[in-house]
Amino acid sequence: SKYAYVRNFELPDPLLPGTFMLFRLDGHSFHRFSDTHEFTKPNDVRALQLMDHAAKDVMEEYPDIVLAFGESDEYSFLLRKSTALYNRRGSKIVSTLTSLFTSCYVFHWPKYFPDRPLLYPPSFDGRIVLYPTEKHIRDYFAWRQADTHINNLYNTTFWALVQQGGQTTTEAHATLKGTFSKEKHEILYARFGVNYNQLDARYRKGSVLLREEIVPKEEDGVQEHAAPATPAPEEAAEGKAAEEDAVAADRTVADGTENEPVPLPEKAGSTRRANKASAAKKKAKQPQTRIDLLHCDIIKDEFWDTHAGILAE
Amino acid sequence: SKYAYVRNFELPDPLLPGTFMLFRLDGHSFHRFSDTHEFTKPNDVRALQLMDHAAKDVMEEYPDIVLAFGESDEYSFLLRKSTALYNRRGSKIVSTLTSLFTSCYVFHWPKYFPDRPLLYPPSFDGRIVLYPTEKHIRDYFAWRQADTHINNLYNTTFWALVQQGGQTTTEAHATLKGTFSKEKHEILYARFGVNYNQLDARYRKGSVLLREEIVPKEEDGVQEHAAPATPAPEEAAEGKAAEEDAVAADRTVADGTENEPVPLPEKAGSTRRANKASAAKKKAKQPQTRIDLLHCDIIKDEFWDTHAGILAE
Amino acid sequence: SKYAYVRNFELPDPLLPGTFMLFRLDGHSFHRFSDTHEFTKPNDVRALQLMDHAAKDVMEEYPDIVLAFGESDEYSFLLRKSTALYNRRGSKIVSTLTSLFTSCYVFHWPKYFPDRPLLYPPSFDGRIVLYPTEKHIRDYFAWRQADTHINNLYNTTFWALVQQGGQTTTEAHATLKGTFSKEKHEILYARFGVNYNQLDARYRKGSVLLREEIVPKEEDGVQEHAAPATPAPEEAAEGKAAEEDAVAADRTVADGTENEPVPLPEKAGSTRRANKASAAKKKAKQPQTRIDLLHCDIIKDEFWDTHAGILAE
Amino acid sequence: SKYAYVRNFELPDPLLPGTFMLFRLDGHSFHRFSDTHEFTKPNDVRALQLMDHAAKDVMEEYPDIVLAFGESDEYSFLLRKSTALYNRRGSKIVSTLTSLFTSCYVFHWPKYFPDRPLLYPPSFDGRIVLYPTEKHIRDYFAWRQADTHINNLYNTTFWALVQQGGQTTTEAHATLKGTFSKEKHEILYARFGVNYNQLDARYRKGSVLLREEIVPKEEDGVQEHAAPATPAPEEAAEGKAAEEDAVAADRTVADGTENEPVPLPEKAGSTRRANKASAAKKKAKQPQTRIDLLHCDIIKDEFWDTHAGILAE
């Protein structure tokens, strides 16, 4: 039509090739949302598991996401530097990923909060940051996990003072003002008998979602079911099994053509067979992957040495 | 921490001031989504009303959106050109609006599809396009509504041929190939007794969401409940009442400072009073607005002449 | 070659269509450059005329520039909002225009400073700013001319105090600190007998370069030589003739295709005929324009009313 | 003033940190410019040396440029990835560098073309491309030098056929159509007795400008004069001495603060002493560098291994 010229105002917004894309989202006004929905303090395991679930769904849909890290109301996703997702169009990627995460969060809400219906629709902001080198990526994740540690130690001590120590929130703030890490550990141990380092690693370390290749056995298909049974080394190190099953997902090999995400496994519906068929075709050439949930250290070298494939292409 | 330098890689992405922002979102792979959830063809009124509901929620939260237009799996939102929403940061706006719409869509789904649970989480892409002048904005909306007309006339005729005429989809495509508008009208009328112009305006014109100022009466508070009773002129002209109640919403006056959205009305929760209080404070200085749903022509002058406030500042 | 992939890192940088482009350049470290080349203070007419000459050359080469304004070591150029120059590629435009201006500045230097050879190569920075409406453009030029007035009044008074009043620069700064416009006028008049408003309009108002259409006479060709003889109305109003001849230049009609600049008139060389021929072809369809140099007010309505064509398309 | 708000339309345009900046400029319409000024074909040594001179001047002014490569009417400059030049503002960098190069080209013209005055002012376009890794940078320069080889072999053979072989340009094109490298070598050798590999390396390899640190001797000051005497290894390998003296230049150590370029050494003028003084102060903490002109291979490893400092920080 004669109006179609308005389309010309849509300008390209490609992201620099050959560069790592870091996509981070964060809950919009979750101070209010967590209050309204009476999240437990300092950490609500249901809320955190819901975040993990939504993040894992996003990774299953977008095979170019190879690593993710979550804490509080935020999640960070690393896309391989060669990704051709949506031709690397910035707005398309940031809007679609934020949308899918949000959708999964609302969709799965009742599984985690069966007795507490959603009172209003939550939303998230999203952004993409580009990083040129592997070092930047390591430092980025270290930044988020260091933040997790600082916040959680503070919040844990703060709420112990309030909930068990009988202080008002004003008093608790005053008690903690100017204290160092070590002093918070001491308060927790001396006053409340809490050994901070023995608290749930999920709270202390945040959540790491890692895409791993499934080494194919002779008989394919068996593999897929066997995979989740093997706990990832970090989880073993932390002394606990994976809290959620690892789910097998396809990984599209980046090949310079525009990528479309892989459809989520459908639970029902008439198009099922058609999709299965096309998925089967893809499986022939692509390595199988599963996504593991860990609560391990990602600041030190060990994690990156063990999972060197994350940053390699 | 020593890792915080990674923050410097987050670059500013401000949108040109003094320019209209057009935010459009579109369902991701809704061909598949509508199939899987068995939307009626060519139009599923439940699906379209759900889109309208989500869009209205977004407008209630973001007072700087003054007009919206929806059709099929897409919605376009016009932000006033002086908006200071999130300091006009592109990614922040595009991600947050897309997220909120998605959240509302999933949140309200059961109201519109009570017998058909969501089988997987739907998602949307979003984009912002800048337009310098009022003429561009009029042409933009004319572009979308002309598109609605073309698509709906085609789809209506196509599915009449298939559902009532007994053609296969291949045959129906062949029948319509190369036909002009007039011929499709004739097929509908001659073969199926359908007067296209008498079909539901919702399908022919799409959905228009319009923010209107509420002229304050002597006694404030009464006003808010009285408002929805008055059908908007266009709806009357189309011969039908508003399908949804118009909902009063605050409008923040743009004043050059960074804007935060207005919280959705809470249904419950401990923070209620605090929010009510702050909302009350705002009401003192801001004009009350309500959002009307119309299915009227937005290509000709009449609509724009009647609602001159949309493009004026 | 196998290395050509590096080309993919060159990302598009289109400027929003339908928007005025304002290109401003400014001398790099001209504090030092003007000192080294002993520019007269507060204004060096040779330096200012050289700026005007370079700016006019740029306008002759780029017909989509319809207006320019210069003061001190800076020049602002307005491109018509429909310009398709270099497909509106930001870097291409900003670099090429800055380059050509610089080149002309060095090229013409000896004409204005015959006794003072260039001691080192001067350079300029350049930037493009987009403005959506005519009002912004008027305000932009008002901003620059108001700046000219403020600076020139200050500098004129300052150097009068130093050069004629025998103050040190420190003393002169102190004398002027906190003074209003009116007081500076009084100092000039009372102490030095200078009526500021009778100083050269060039210094008080800056330089305006205006592209005007040449109304074709019966015999083409005569027109071109006749044109400069007619002083522009504003210059007459200021009581002085044009300091430079107006030069006829082609104007390319913007037509949605990528534009290339019009070659500068060659003074000699073997390609002369070929270029003349192609220039002649263009002349057939394009209106003739000439560029006038004025030193008039561009803040009030009169200028814009008289030259309504500048902002119209 | 009340107009100053227009400044808000100037949006930030920072370039991604931690990324190599490649700045390339190219002569605008040099087909015409080289014709008009009767450059010798296929290569005009005066024109190429003038390009090198201008490029070296730019490197002397901007210490963050560590390498440059020139051929034909283009030059590429590599800025260290940590550069804080103009706070990494895109337009500022691209416009200023293009401007300075242009200025130097016009400024030095008479030295290289003493008998052929400039007939009109030449101009250049400029662009910045970001590259994340060292490999990209090596591939970038390989891309340009491979291009030099292809073009020069073609042009050399073409003009031999025309100038010495008496072919028309149309005939020469036809002769070369579809020929491989080897066949062009044979034509040159068999018909014209020319061994391509013995032609001037400048034409075959292009120009490499390399910033090298000057290893300080016991007595500072002597160093500066001694430096140029040592030919760079690649030039020796090519069997010829440096065609131009290497010039000592300061290198500013990137330190996260905004950088300003280093002033060109002034040839005269009253500010001389002041600048010398400030330059002297800088010398205390910064390593001395000189810029070498080479015509060596930059595709193979040897160059990069020998000059590992270029890509390291």
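Letters A, B, C and D mark the chains in the order given here, with residues in each chain numbered from 1 onward.
Convention: a residue touches a chain if its C-beta (ideal position, glycine included) is under 8 Å from a C-beta of that chain, and two chains touch if they have at least 3 such contacts.
Because the structure is predicted, anything quoted here is derived from the model rather than measured.
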Q.
Just to confirm, which listed pair, A-D, C-D or B-C, duplicates the contacts seen in A-B for more than half of them?
A. C-D
Q. Based on the averaged CA atom positions, which chain is farthest from subunit D?
A. B
(Q) Counting only Cα atoms for the centres, state how far subunit B is from subunit C in Å. (A) 47
Q. Cα centroid separation between subunit C and subunit D, in whole Å?
A. 31
Q: With chain centres taken as the means of their Cα atoms, state the distance from subunit A to subunit C in Å.
A: 55
Q. Mind pulling the subunit A residues that touch 2 or more other chains?
A. 9, 16, 18, 130-131, 136
Q. What residues of subunit D sit close enough to touch subunit C in their complex?
A. 1, 3-7, 9-10, 25, 28-29, 32, 35-38, 57, 90-92, 94-96, 98-107, 118-131, 136, 139-140, 142-143, 146-147, 150, 263-264, 266-271
Q: Would you pull the subunit C residues touching subunit B in the complex into a rising list?
A: 16, 18-19, 81, 130-133, 136
**Q.** subunit A - residues contacting subunit C, complex
**A.** 8-9, 11-12, 14, 16-18
